[in-house]
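Below you'll find the structures, each written out as structure tokens.
After this come two complexes, each holding chain A, first together with chain B and then together with chain C.
And then the complex of A and B:
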């Protein structure tokens, strides 16, 4: 376990370096000359050269990357091309909101998903199993933004139970969380059910039942622990998917989150902001997955890399 | 005679990997697949959808771009079976034409990504050493991004558009296929039938082509089918954001986005395109599930 943790922690900076490089390269690949964008088409060649020097564009590529990286590490993510405010400030507050929604969705999806999956597996072939199987299949087949729109239609416009947009109170976060979490719930419920069914078929379960153990202890003491192992790895990936997927949900519900910022900056070609937002989400994804993998290694006694 | 060592799966361990029986079981697999009614239904639904989308010019009741400002946001009627949108265009026709975009992204892109990824991954897993190290490093970096985020990043470079969205989704999925194929190829490299092929004098490329690739195919096909569903979801999300096929081209995601402001008075304009997405993705998931159950030796 220690070796596994050690190895993962060593590769962490490499992965972070890799994703920073990928983001840096992608943004530099955009056609067009930033100097021209800033100075305008009427600018003279001398002005353009001067601006390029100021932006550091005349230096060799690796040098540009090194400079940019050192700035990022110090918290300087550049300045928005549109609003001239520091990117870090733009991102900070919005990140919190998006993170909250993604985290809430993940927690909700995990709890409900594991419970439904276990329930369905323990009552295989029953009506409730059928319902859970069908609904979880639907969950992974429905686009989150459309679910959001439909939920808004029913609960906000027709029934008026919940607000349709904005982010003033907890109530405002209910619909987005449900819309976003449905997909993850579907995945986790299906995985848990399949995993549980497989575990329940194992010999050691039959041994426990032969020993005379009642249903409950069998389920929980033996089966559940082993069944939820593969589900743990999925949770990390789902959180990342939800962080990215929040992009669309925020658009549906008019939430001032990181996703909404990313989308508007893509349309406005505001590259420092695009860079910063993508980096923030990708880094979170990497760290969450690391945490999840370490948890998995800790929980599964068989792992001994 | 093909023989194999006892894999961890056969010893009763759940490694989470898919063990596919050799190519010889294909006919038996198809018979098993046929028994799953839902899956066959899903396959039929996909066939109908693909046909309807391809033949849209013939099948659609109206021109999807025909604006009729006197019939704006009407509910389902004799003239417009699924109603009309905010510009009076026939929703049903737009859904049929929109299917083409989804087809392009869901089937074409995924097939291309699967093919490319499988070849690269199999080569990496089979040859190992430096080729493998480089490919793995690049793949790990790509997979460090959530798929949707990677697609957004690519689109921020390329700008919006259908072709650009196809590239974006492809870029997001190729690494996942590389990883899958590589894992399969790694497992197959040491098996006896490969070793005996070498002993007989078969060269590396021949082994790759004749032995490794066919056996890598199973998990790849399952994954490709399942990813087709999520590719369509991603495509629709990109369309919803306005980053996919540009107006006036009909696209399911952008149709839902356009109809949002009229949600209260004309919910049908948002509801029906969404239902189309759900039905197609559902069908793909059913088929993918059935393929996985059919081809997985363990659950046999």
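And then the complex of A and C:
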């Protein structure tokens, strides 16, 4: 397993290089001149030429990429074209916040999703199964934006139980975590249910039940273990998606997260920040996928790397 | 049995929630008069939509940011709340007979936030930084009329301009002319605003917040508040909820829909509505397509019912603009037009017929989104209105960076018939807007005469207004220019947005100024 992990880690830089190059080219091909965004429409052409030269934007793409790459290798992600602050400083704080919310949402969604999926599968076609199915569908269908505002109205404004916006304390993260976790919970619950139903029809489950084992160990010790693999895959994908895609929830709750930074830097054509943020997200995604792959071997002893 | 008990508990919680939501127990505060005299201390938290992209007034910014910075950095002169120029770091000034030399006497015993003294040399260095061509500061172009700066003595500074410069004092009230301490004015990049203002910078976290603390060594009346925190919260409803809950004290950029909601609910929160300087307009391509013909521009103008748009789309949170975009109370040089075409669809059809378009025509209007409040909804309403007279308008949105790219295209490269955007006055003198948007030399790619409008007489008038130092003469020139523009309508002014602030009733004496800036010098909190 260590060799497997080592091999995957060795390919990590290549994957990141490919993603960085793709993003580098894409953002520069989109119409919109960062020099113009920085200087404003009233800037003369001469001023724009000077700004581009100062920021290195007048060099050919490969040269710009090589310069950026050589900086990244030294741990320097450059400076924001708009705010003049180091990109690493901008990303560090925001990444921590986004990671916290994504992780909390994933944990919450996993706990609720797995438990409700198991219950639904064990009581197939019952009222509980019906309720869980409908609610999980709602979780997947309801826009995070709307859910976030509704949660804020009820729990922050009307009941005054929780704060509305910002990220000053743990309590501030509760509502965004629930808003963000609802979608993942729906997906995980449905995947768990489907996977469990497949396993519950197996002979060894029937044998365990025939031997007089109680429902609880049958479900959680025998069935769930074998149903877990696809669920783990979904959890990994959801976590990675939440890291990159929490921008709507971050906007609703006024959270200075990585998603909001990425979107505003795209609008402002702040190339160094875009590249830095994408690099951070891509690295996380690759590491999460590696962790998911390693977890397979831990859950299913038949898997060897 | 266990399930039944569980269901009963769930139902009880649901009933509480439903009843609670139905009663609608928002924050219902008792709006008492409060103590008569201001209270010292406390932290005021203001939530804003706009990003705090820098702490350097010499760079591109916006009104909210300018107001924030103005509380930390002062200029030689300032504007009072009504927009009149008053002394600030300078106590007096003289202008020479040739109108090219301005001598300012500085206020004594003023210190920057880093403890150093305000001197003529510090003023000189601050302006030299602004004018340094190597630094490429965005606002340098406003001040290139300054030829030399001389520190005559410790408290006397003299500016020599290349030409007589009538609005110089107004330009000196702008944040870009704010005086920075020598400790920061030696470099192009400023990440700490070290000025002389009543507040000083404590912390700036880009994308999150900016914190100012009271300057206890301020030369003038000390602020009451200990601390002012600006927090960036993009979502309009979240900002209002934060104020309703008491997590914030002010929403400085309240959305029109939220203002209307609170007014209808008779909320105890204070709502301040003022016209901003931000004037929305339709700009016509006068070199290509149907709008080359003045009659077509007039027909378009007569097809639009702006009052209906203000009422129906903006919920009354805007005012009809009959002057050049950027005009507002307190902006020097503005003239309210009496000859703008008014809503008259019958007349519009007649004009179209006379211009050779009896069956109307097709056109494209581009705009940048999302940028201005309810811009898309306003344009959609206009699309419907002009459609009734036969003008089939296609709306093409661009995201902002792509939009300004389009606006840099020359007359031969441009592919659109009209565009729509909003301008504020920036400096507080309408001549700058006129210069940027109307001068023939400022056609793209140079700047902002995106209508490709050519009028030599208007051009001469605008250039004359820059050098005229007699206020009456200058006023006459600017009036003549604006009258011509309202006849020719290369730019059709539509409306001025309101700046709406929602405030906790515990906050008092916040200064909402004519130039959209919000100042907290006299503000206090119960």
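By definition in this document, the second predicted complex is superposed on the first by the 249 of 305 C-alpha atoms of A that agree within 3 Å, B and C clash if a C-alpha of one lies under 4 Å from a C-alpha of the other, contacts with A are read in each partner's own complex, and residues count from 1 in each chain.
Heads up, the rule we're going with is that a contact is a pair of C-beta atoms (placed from the backbone, for glycine too) under 8 Å apart; a residue touches a chain by one contact, two chains touch by 3 or more.
What you are looking at is a predicted structure, and each value in this text was computed from that prediction instead of being measured.
Shared-chain residue A:85: touches chain C; no touch with chain B.
Within the superposed three-chain model, A:152 lies in touch with chain B and with chain C [touch as defined at top].
Looking at the shared chain after the overlay, A:169 reaches neither chain B nor chain C. When the two structures are aligned on the shared chain, A:244 is found in touch with chain B, with no touch to chain C. Looking at the shared chain after the overlay, A:30 reaches both chain B and chain C. In the superposed pair of complexes, A:44 makes contact with chain C only, with no contact to chain B. Annotation: chain A residues 30, 149, 152-153, 157, 251-252, 267, 269 touch chain B in one complex and chain C in the other. Partner chain A is touched in their complex by these residues of chain B: 12, 14, 16, 137, 140-142, 144-149, 152-157, 229, 233, 236-237, 240-243, 253, 256, 260, 263-264, 267, 270-271, 273-274, 277-278, 281-282, 285-286, 289, 299. Listing the residues of chain A that touch chain B in their complex gives 15, 18-19, 21-23, 26-27, 29-30, 137-138, 140-146, 149-150, 152-153, 157, 198-199, 202-203, 230, 240-241, 243-245, 247-248, 251-252, 262-263, 266-267, 269, 271, 274, 278, 281-282, 285-286. Taken together, the chain C residues at the contact with chain A in this complex read 17, 20-21, 24-27, 47, 51, 53-54, 60, 136, 138, 141, 189, 191, 205-208, 231-235, 237-239, 241-242, 244-245, 247-248, 399-402, 404-405, 407-408, 436, 445-448.
In the complex of the two chains, the chain A residues touching chain C come out as 30-34, 36-45, 47, 50-51, 54, 80, 82-85, 90, 93-94, 149, 152-154, 156-160, 163-166, 251-254, 256, 260-261, 264, 267-269.
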